[in-house]
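Next, two complexes with chain A in common: one pairs it with chain B, the other with chain C.
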Partner chain A sequence: MSRKVGGIAGIFLEETQVLVAARKIREMGFLKFEAISPYPVHGMEEACGISRSSIPYVTFVAGLFGCSFGLWLTWWTSVVDWPINVGGKPLFSLPAFIPIVFELTVLFAALSSVAALVYHCRLPHHNPPDIDPDLTSHKFAIYVPEDDKGYDAAQLTKILNELGASEVKKVAEY
Partner chain B sequence: MIKRNQLILGDKSLKDITDDICAPVETLPGKGWVGLFLTAKTMLIFYMITLGMVMAYGMGLLGVNHPIAWGTMIVTFVFWIGIGHAGTLISAILFLFRQKWRTSVARTAEAMTVFAVMTAGLFPLLHTGRPWLDFWLFPYPNQRGPLWVNFRSPLLWDVFAVSTYATVSIIFWYIGMVPDFATIKDRAKNKIRKQIYGILSLGWRGTARNWSHYEILYLLLAGLSTPLVLSVHTIVSFDFAVAGLPGWHTTIFPPYFVAGAIFSGFAMVVTLMTLVRIGFPQFKDYITIDHMEVMNKIIMTTGLMVGYAYAAEFFIAWYSGNQYERFVFVNRAFGPYGWAYWVMVSCNVIIPQIFWFRWARRTIPVMFVVSIFVNIGMWFERFVITVTSLHRDFLPSNWGMYAWSFWDGAVLFGSFGMFLTLFLLYLRVFPAISIAEIKPVMNVGRDDQDGKHGGH
Partner chain C sequence: MVGVCQKTGRSNDLLYSLDFLGGLVLLAGFKNLYTWADPQFLAENPLIAAKAGYLNTSSFIMRLIIFCGGWVLFKWFIIGNSIKQDQTGDANLTHKNVGLSIGFILFFSLSFSLFSIDLIMSLMPGWYSTIFGIYCFSGMFQATFAVLALMIIFLRSQGLVKGYLTEEHQHDVVKFMKGFTVFWAYIAFSQFMLIWYANIPEETEYYIMRSQNGWLGISFGLLIFRFIIPFLALLPRAWKRNNAHVTAVAFLILIMQYVDIYWMVYPNFFDGQVIFGFWEIGIFAGFTGIFLLGLFTFMQKFSLVPLRDPRIAETISHHVTY
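Moving on to the complex of A and B:
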C-alpha cells in the first residue's frame, strides 16, 4: 500500500465531457482509473462500470442485529436477570418493548452503514495527495494510474486531449 | 409544458456557487453578526448561571409542585424537540420524495435540528433533580443488583428515542458536510484552516467509486431517519398519553404531536431563513422567495392539521360521555388557564390562515411575524397540554395553580441563548448550504441549457 503510485490525469471543465471521457477510457480496457468530480455526476457509475454499493447489505444485517439485541436485552433484563412485577404486567411485555427494539434497530443500522462507508472509501486519510484543488469545486478529472494494464503515457495524453481535456498532467502520487 | 421556476437564481457557474457558499466561512464576520453573537452569548451565560442555580438549589426554584409536577422544563423540552423535527423532515423525508427545493435549506434545517435537540436534551436530564446521576437512565451492568431500568416506562423509551435521534441526526448532518469540508480545505490559503478542514473532511476526494457509496449511504440514512423522526415525537407524546390523566390519555396524541412538531419546526426554519437572507445577501439567490413560499404552505397545512386535532380532541371529550374528560376540556378553554388556550388557538390556527393569500406567503416581513406567532403558539400548546391537565384532575381537593417563578422564565429565555449561540457559530464555521448537493440541481428551471448540462 505504501508504494507511491503515480499516473496521468486529464482535467475537464464540463460534466458532459468527463462522462464521455470516462466511458471512452473504460472501453479502452482500463480498470483502475478514477473519475473525480466535485459532486455526484448523474450516470457516472454506468460510465465507469461501477457496480452497486454493498452498503445496504451492511445496513440490513446491522439492523437485524440491533433488533435482536433489543429483544434480547429487554427479555434478559426483565425476565432472567432481575424479574420484577411492574403493575401486574407480564415479565416479557413485548408491546412495551417495541420502542426500545425499534430505536436500537435504527441506531445499529445507521452507525454500521456509516462505518461501512468509512471502510469502503478508505477514510479517514488526512490530507491525501490531490491532483488539482479545484476538483472539489468546479473541475472534473479522469485519472489513470501507471500500474493499470496497457498504461502508455504518450497515448493517454493524446486521447485525453482529444476528449477535450483543458489540461493533461502527470501525477506523482494519488 | 408548465414552466418551473428556477431553483437557483442568477445563472451561477459551478465556481460561483462554491465562492458564494464558502464566503461566510472564509471572511471575517460583519457588525451585524458580532452584535447578534454577543447578545446570544450573553443570554447563554445567563442560562448557565440559571441552570447552575437550579442544580445547586434544586428543582424547588421552579414553579413545579403538587399537583403540577411537570412544568417549564418539560414544556420547553417538548417545544425544542418539536422544532428539531422540521430539519429531519426537510433533509430526509423530502429527500425521499425527491423534492429538489429542499437542497437549499436542508443543511441549515439539519443544523437547527441538531442544536434544538441539544437544547431540548438538557431539560429532562436536569428535571430528574439529580443530574449527576443521569447515567442511571441507561441500562448498564451495575453494582446495584444489577438493577435494570424499567423498559415498560415511556420515560425510558424517551431516553432511547431522543439519544438515538440526536446520534443519527448528527451523523446525517456530518456525512452531508464531508464533501463540503473537502472543498473548503482545497480552497484554504491559510495553513490552520487547511489542517482543521482536512481533518473534518476525513480525506474526501470525490472519486466516482466514493460518490457511489456515498449516495447509497445518504439514501439509507434518509430512509432510516424518516421512521426515526416520526417515532421520536410519537414517543414524546407517549410520555403523556400512556398516563391515565384526562387530557393526556388520548389516542390522537402521536399524529397530533408529530404534526405540531413539523408545524413549529417549519416556523423556526422560516424565522431563521429570513434572518440568514438578511445577514448573507448572496444566499438570496439560493434561498429564494419560492423556497419560502413552499415552506409557508407547509406551515399552513400543518397548522390546519393541528387545528383539526384541537377540534377532534374537544369533540371526543364530549362524545366519550366521560365527565372527567369533558371537565378537563371545558376547563382548558374557559377555566383559569383559558387565556393560554386562546393564545394557542389564535397563534396556531387563526394567524397562519393569512397564508391563503399569495402575497402573504411571498412577503418576508409577513412570514417573519407569522412564524414568530407560531413559535409562541406552539410553546403555549405544550403549556396547555401539560399544565391545564395537571392542575385540575379528579379530586377538587387536589386542585392548584402553577407557581410560575422568575426561574421558570429564566430557563425558557436562556434556552434561546444556547440555541442561537450554536446556530450563529454554525453559520460562520460550516458551509450553510450544501455545495455538493446544490450543484446537481442548479439547472432546474433554467431556460438556456447551452447544450452543455443535462436537463432535469
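Moving on to the complex of A and C:
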C-alpha cells in the first residue's frame, strides 16, 4: 500500500517554460518533484538534476552472463550430456553455437534491462496522481508532492505563477 | 542532425567519379585480373562460361558506367539543391531532397551490391556468396561513419561549426559507428557460418584460401580489430564522447576496412602469399589525397551548415538522453 500523497502542480503550455521552471524548482532544494511532459524534452534530465541511470550496467552484466551461460549450455549439451557426431565436425563446434550464444546474450540483456527499468521506476506504483489529461497531448507540468522538504503551498503557488504557469492547482490525494 | 551531416558528406561526388576512373584503369589489366574475360579460360571451364550472360566485358563496363553515373547524378541533384537553398532559402528544396534521398538509398543499395559482386566477387568467378554484396555494404557503411566521426571531430576542433554541430551530434554519429560495427560482424559471421556449416567445396574454397599461407592471422585480425575491439571500445557513453578515443577507434576501423578489402582481393593472386609493399600503400595514399583535396576545396567554397534549411533549428537543439 502506497501512502496517499497530494501536492501542487503548475501547468505550462510551453516547453521552454517548463525547462526553466524545473531548473528553478530544483535550485530551491526540492527533491521529490516531477516534471511531466507528453514527449521527451531535450535537456530535461539536466534541468531536473537526474543523474545517469544504472540500467546500462545491468544490461552489460546480464549480457556477459547470458554469453557465458550460452557457451556453457552449448558445451554441456553437445559435449558432456549427449555427444552426437554432426557431419564429422568437432563436438564443440564454436561457429555453430555462436547464434545460440548471441541469442542468449540478447535475451538476458534485454529482459534484465526491462526488469531493471521496472524496478528503477518503482512500477507499477503510480506516482504522481492524475493531474490533467492534456499532459499526454500538449501541456507540461511541474508537480511537487506535499511530503517534499520545504513544501509550502502558498509560496509554491506564487513561484509557479511567476514562472509562467497557465494554471496552478492543488492535486487531490488519490 | 541530418542537415549537418548532409553538408559534411556533400563533397563525395568527386570520389564517385574517381571510382569510375579507377574502374577504367582496371580495364588495362582486365584479362589478368578477371579470368572470366579470357576466352581460353572460359573454353576450359564450362561452368564459368555458363555465367557469360552476366559476366562479360561489355556488360561489366556498361554496369560500371550506369552505377557510377547514377551515383554522380544523384549527388549532383541532392547537393545542387542544398547549395541552391543556401542562396534562395526555398523550403521546397528540402522536400525535393527527401524524395531524391529515398531514391538514392534504393538505387545505391542495389547498385553497390552488384558493384561489389562485379569488382571483387568475380575475381574468383567459380565462387559465389549471396550475402557478398551486403558484406561489402556493411563494411563500407562502418567506414563511412568512421570518416564522418573524424570529419566532425576535425571541424569541431577547428571551431568552424560552433553551435551547429555539437557533442550531442557527434555522440549520435559514434553510436551509428558502433551499430554498424555490430552489423558488419553479423553479416561477416552469417557469410562464414553458412559456408562452414554446409561445407560445399565450391563455397569453402574462399575461406580455405584465407586460412592458409599466413592469411589465417589476417582473418582473425579482422574479427578482433574490426569487431571485438571497436565494439568494446565504443560501449561506455563517456568513451563515445572522448575525442581522442573516438579518433583512435575511427582510424582503427578505417585501417581494418583497408585490410578487409585487401583480404578479399589479394589471396586470389600471387599464389595466396601475403604480400604488402609500396604499391599497396601508394595507391591508397593517392586516392586518400584526392578525396581530401576534393573535400577541402568543397568546404572552402560552400557553407558547412545548410543555414537556410527549414529544419535546421530542430537539429541544433539535439540532445542525447542518458
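Heads up, the rule we're going with is that the second predicted complex is superposed on the first by the 166 of 174 C-alpha atoms of A that agree within 3 Å, B and C clash if a C-alpha of one lies under 4 Å from a C-alpha of the other, contacts with A are read in each partner's own complex, and residues count from 1 in each chain.
In the analysis below, a contact is a pair of C-beta atoms (placed from the backbone, for glycine too) under 8 Å apart; a residue touches a chain by one contact, two chains touch by 3 or more.
Note that this is a predicted model, so its numbers are computed, not measured.
Student: Chain A superposed: clash or fit between chain B and chain C?
Tutor: clash
Student: Thinking of the overlay built on chain A, is A:L135 touched by chain B (first), by chain C (second), by both, or by neither?
Tutor: Touch partner of A:L135: chain B, not chain C.
Student: Have a look and say if chain B or chain C is in touch with more residues of chain A.
Tutor: B
Student: Is A:V106 touching the first partner chain B, the second partner chain C, both, or neither of them?
Tutor: first
Student: Tell me which partner A:S53 touches in the superposition: chain B (first), chain C (second), both or neither.
Tutor: After superposing on A, A:S53 lies in contact with both chain B and chain C.
Student: Taking the superposition on A as described, I'd like to know which of chain B and chain C A:A96 touches: first, second, both or neither.
Tutor: Both chain B and chain C are touched by A:A96.
Student: Following superposition on the C-alpha atoms of chain A, which segment of chain C from the set 58-66, 112-120 or 274-282 overlaps chain B?
Tutor: It is 112-120; the other listed stretches have no clashes.
Student: Overlap of the chain B and chain C footprints on chain A, residue-wise?
Tutor: Common interface on chain A, chain B vs chain C: 40, 42, 45, 50, 52-53, 56, 87, 96, 99.
Student: Which residues, counting only chain B, touch chain A once they are in their complex?
Tutor: Against chain A, chain B makes touches at 13-15, 18, 139, 145-152, 156-157, 160-161, 164, 167-168, 171-172, 175, 179, 182-183, 185-187, 194-195, 198-199, 202-217, 220-221, 224-225, 227-228, 231, 235, 238, 435-437, 439-440, 452-454.
Student: Under the definition above, what is the set of chain C residues touching chain A in their complex?
Tutor: For this pair, the touching residues of chain C are 189, 192-193, 196-197, 199, 235, 237, 317-319, 321-322.
Student: Can you tell me which positions in chain A touch chain B when the two form their complex?
Tutor: Within the complex, chain A contacts chain B at residues 14-16, 22, 34-42, 44-45, 48, 50, 52-53, 55-56, 59, 73-74, 77-78, 81-82, 84, 86-87, 89, 93, 96-97, 99-100, 102-104, 106-107, 109-111, 113-114, 116-118, 120-121, 123-128, 130, 133-138.
Student: Which residues of chain A touch chain C once you look at their complex with the stated criterion?
Tutor: Residues of chain A touching chain C: 40, 42-43, 45, 50, 52-53, 56, 60, 87, 95-96, 98-99.
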